[in-house]
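Chain naming follows the written order as A, B, C and D, and within any one chain the residues start at number 1.
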Amino acid sequence: MKIPPFKEINSPNKNGYWINPKTKEAYGGQYISPLLIPNLQKVEKCFKKALKDKKFMKGLEEKLLTFIGVNTPILRSKELEEIAGGQKKVGKIYLKRTDLHHDSSHKPVNSFSSCYMAKHIFKAKKIICETGASMHSRSVAAACAMLKMDCEVHIGAVDAEKVSLNKDISELYGAKIVVVHESTKSLLPAMASALRSWQSNPDAMYVVGSVAGPSPYPRMVRTWASVIGRIAKQQFKQITGKVPSTLFCVCGGGSNLMSMAYPLLKDKTEIFAVESAGEGIPTGRHGATILGGSQMGILLGFKSKVVMKSAQIAESLTEASGLDFAAVGPEVAYLHDIGRIKFRSTTDMAAKKTFLMCCEKLGIVPAIEACYVINAALKEIKKRKNPKENHLIHLCGSGESNVARMIKFKRENE
Amino acid sequence: MNKNFQEMFAKAKQEKKGSLIGFATGMDPNYKTSKKILIEMAKHCGAIEVGLPFNTSTSDSATIMDANMRAIKAGANTEKIFKLIKEVKSEIKNNVPFLIMTYMNPVYVYSIKKFAKKCKTSNVDGVIIVDSNNNSPEDKELSKELKKINVAYVKLVAPTNDEAFIKETLKKCSSWIYIVSYAGLTGSKQVNVENVKKISKLIRKNSKIPIGVGFGIRTKSDVSKVIKIADAAIVGSGIVDIVGKNSKNHNLTKKISSYLKNLKKGLNK
Amino acid sequence: MKIPPFKEINSPNKNGYWINPKTKEAYGGQYISPLLIPNLQKVEKCFKKALKDKKFMKGLEEKLLTFIGVNTPILRSKELEEIAGGQKKVGKIYLKRTDLHHDSSHKPVNSFSSCYMAKHIFKAKKIICETGASMHSRSVAAACAMLKMDCEVHIGAVDAEKVSLNKDISELYGAKIVVVHESTKSLLPAMASALRSWQSNPDAMYVVGSVAGPSPYPRMVRTWASVIGRIAKQQFKQITGKVPSTLFCVCGGGSNLMSMAYPLLKDKTEIFAVESAGEGIPTGRHGATILGGSQMGILLGFKSKVVMKSAQIAESLTEASGLDFAAVGPEVAYLHDIGRIKFRSTTDMAAKKTFLMCCEKLGIVPAIEACYVINAALKEIKKRKNPKENHLIHLCGSGESNVARMIKFKRENE
Amino acid sequence: MNKNFQEMFAKAKQEKKGSLIGFATGMDPNYKTSKKILIEMAKHCGAIEVGLPFNTSTSDSATIMDANMRAIKAGANTEKIFKLIKEVKSEIKNNVPFLIMTYMNPVYVYSIKKFAKKCKTSNVDGVIIVDSNNNSPEDKELSKELKKINVAYVKLVAPTNDEAFIKETLKKCSSWIYIVSYAGLTGSKQVNVENVKKISKLIRKNSKIPIGVGFGIRTKSDVSKVIKIADAAIVGSGIVDIVGKNSKNHNLTKKISSYLKNLKKGLNK
């Protein structure tokens, strides 16, 4: 098994912007203290060098295959087809099993690639990162352990509680954990905290956990992560002879979405991104950006769609630590605005019920983040009622770290 | 160059002194107290930076983050900060220039053109945007708009920046340039004089623009060291600290006043 | 990727015994209440039918590939080579990444296969199983969820505490958990309890978690599980051009050992099994069978090597719930006695330190069970000092459910 | 056929009665009390099964498992159980036959030949091995050795067994055969009379061997139902329960005695 090579499409311009051809709106860029500009230039240079460095790429791909285990299967789920109304009515449903990765999510593909670049090309001795569900920190910490680099993780205090298993694993890997007590105590202030820390440690390399942050991060992260989608596309064609009719991914920042969607952007696949509606979008207590009343804004180094209250970034709220973010990555916002990606949302309650359903009916413990997409996908697939379609859902993580909260939920609801 | 800054630097030169620039977050801890603080600061400072708070700032230490959150809780927004500055300026006797220091988001969301106009009508003399990149369309627009109305656009340079970056920055910078003295957050370390020397040299090679130095200046001796090299010393966290610890104390302005009086002793060239 | 077909070697005789050609000692058999004899005959018939049923085997293999994800990679670990003295001195070290399976261990391969057979050939509606580390119960429960069968899990009270994460996941999958408070409150009484329960539910099918129990279980379990080793052997040959010089597996009952060793029995590979020496074999507080003074005995339906105190089965004791068993499977005992498999042991303390080492140096959270083998393998590899050798270590599980205890251990030891 | 069993069944037949076989775990709760219990039981029972405890038994409910553990704690092992039976038999006045009921491991570990010899010298009349499979080499050896010395080898058949299995079993079985009345553990359910009828028929088709029925017999009425079909009713958990609940009670033997007296009222054919 070889990883299908990367083909650049949909590049940002030299300043890191995607430009909407109709509105001329620019997404992305680099909004950060001048202190970090040289670092960002260096990251960009290293990234471009890495892509061209055959030895580096070969070494990286071998590690992705044998350490991260990116060659995960695609599972046909007759169980989900049944729930959606039967294959004869709604078509076939497939799950991309990214939950089987080392460290149990899509995150390690970008994390490991970025750290491998940091080690071999950037020549950093230390990595700084933020984390929500601690899937990113866990995989960055694993990469740092193997690559003998220091690792500093910024995590919101609420998430440190919620996903303590992943946090503890990050610590076992040797990461230094910085618990952030600001604002929502979740992903967004954690990312601000990480960016701040980078300013005090400009020799370190910062590794973003989603397709967000100042240029070149959104592009770099989606390029690394697209390994998942490149493999999935090839597998899907082998299984069904075609690209998927629909693709469903959850969307926090958008890294798992872009990991799968990127190689399909020029194909006929209809792409759906699913946001967390939290307690319901009208309550204002949610993690939905596109569907939650976002406007263009600038935060954490990039310009994109952001939910705000006057000019302040709104406080997102959702059960899923990985979706607790009031913005989406710039390329995602761009792809939404030009109409390439459609958005749906799922409430926390529906996601939690989907979690229990997946355990009981599929024999799979999904990451809570993945439950938002499964729920919304089933609804959309039911509605489409097209028996000729082949649907692909990104099962972007495994839910060990959600078990403590979900078993409580199960027991309380029985 | 903005007139008020021009006067400030000219006067200081005459007196063989440096200038002291004080920073406080606008509306911290609330509108009324903030107004008193700014009026008091205007008695001692050559210029004043007023923070327009942003809840997702990326370059501030906990001290200023906390101040931002106190101000936001007290209802701070762009409109009110303009109102605050306008009122303060109308009450003080002197021509002390006022700057707004903030991040790009509040400006962008407010609309850059509207923001520039509002600077003019609110008697704001300058603007500092911590996260404004020379290459962003917003930076271009803002610098253009501010130039039209003679409001200073003060830009930051840091120890990690090279000469090319400084040259690029100088093209847009007006009235003075802000040296970030170390790699780190506001108020998180001691001022780094070696860095300041190095960057000043690079600036001086390319421009005669006055230089302000910020990040890590807290004591008279810090001010004194900086003034040997640069034109102005910027003090932020030192002041915000006092506000944070004394927000309900009747002696708050007195404390600030005596803190600033002491710092001023370090202004001699 | 196709699973290399099964080739029967080393079969037991028609009564389920392996016979030592020198001593005539018999290992295995069927020692159980007459109540269960018909069930065992049915299981055996179904098993033989299953192996010949092409449609069944095709369906099973597809699920093994896409649901369990058996096509896990082999990772070359330069980090372990370094620790052992450097590749130039000790040769190359490879890890079979069974930790990347669905439900994180080698167990699901047998569990799923057995349940799939129970569903489609035995036509059972209910599965009964015992569990130690709850890796087996977790994967049986997952299979039952997907296959719509009831699942009853017997677990010792001590283990229910120790590996509560896996137990909770079993519960989320819908398993009924029976907590066993007898004797050691661990794997052995749990297995007795499961066998007892089967006698009250003879319509159910019992699914053993290791190569133990009455005939045909030892043979059936190793046959299903050998999928792992068949793939590994093929992969290893692709990578190195040869079969491994040495193979190292931990040994509780022996299922992960047999899963890897079985396809290599007729090859030149030197095979090492590693037992838990607990607090040290001389203390009597351990989980070592072969090295812990075992003799032939009869328990839980089979005859094999057993550690006993007079005629009572001894109480094993070890940190690793999956190794807390005073016997080994009959085929394992046989292979030891004829000299084909060599035994080593590791203490709990050394295993716990190895756990932390793996986290910090490899970026891998191994199941605590796997730490016994890694430790012993490194010692043996160091001693052999043969730069021409290619060593294969079975990383038979991932340690999420050990994190709670291990992070405590780490903090107490810093 | 073992002589004592022969006499027991003959006498019962004469009296138009069934026989009552009592089970107790040897050395439960300890050697001394167990001895008293067995002596008391010998006054009321036609035959007695003494459990040689095994800590990894696979067919016992909690009641008997607990008894096993009490006995093991009190030092029970194969040697001592033989000694216990020998002493009891020498003290009782009658010829009540005694069986050892156990699992294969204690016998195998003790050595099958030695075990059989010891049965003879300890006046043990029969042996029941719960987990002995007709096809195992141990089963073959044990049945051969017991046959030599005329010690009964009583084998179990269960409702799940077919005629072929029963035939196979009968080949080795001597003195009587034991019907397990339901699919389940000792003492876990009510005796299943339908099952007993069905299995008895299959046995009777092939042999005239006396039939004992066990599992789930606790009351006089249970005994009565069983005796309508079979030759002996075996009561285990009912007795062990009393021992478990009264192990330190001075009235223990009295309680067992009155329990057995009542059961005996059900023995009429």
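As a convention for this text, a contact is a pair of C-beta atoms (placed from the backbone, for glycine too) under 8 Å apart; a residue touches a chain by one contact, two chains touch by 3 or more.
Predicted model, so just to flag it, every value in this text is computed and none were measured.
Between chain A and chain B, tell me the centre distance in angstrom, where each centre is the average of that chain's C-alpha atoms.
The mean C-alpha positions of chain A and chain B differ by 38 Å.
At what distance in angstrom does the C-alpha mean of chain D lie from that of chain B?
The separation of the two C-alpha centroids amounts to 97 Å.
Using CA atom averages as chain centres, what separation in Å is found between chain A and chain D?
Whole-Å distance between the two chain centres: 67.
Got the chain C residues that touch at least 2 other chains?
In chain C, no residue touches two or more other chains.
Is the way these chains touch best called a line, a ring, a star, complete, or other?
Its topology is that of a line.
Under the stated touch criterion, can you name all the chain pairs that qualify?
Those chain pairs satisfying the definition are A-B, A-C, C-D.
Note which residues of chain B are touching chain A in the complex, please.
54-61, 65, 69, 72, 77-78, 103-106, 108-110, 130-133, 135-138, 155-162, 165, 169, 180, 183-185, 188-189
Going by the contact rule at the top, pick out the chain C residues touching chain A in the complex.
Spelled out, the residues of chain C in touch with chain A are 1, 65-67, 69, 71-76, 79, 97, 99-102, 141-146, 165, 168-169, 171-174, 356, 359-365, 400, 403-404, 406-407, 410.
In the complex, go through chain C and note every residue touching chain D.
On the chain C side, the touching residues are 15, 26, 29-39, 182-183, 188-189, 192, 195-196, 199-202, 295-301, 303, 308, 310-313.
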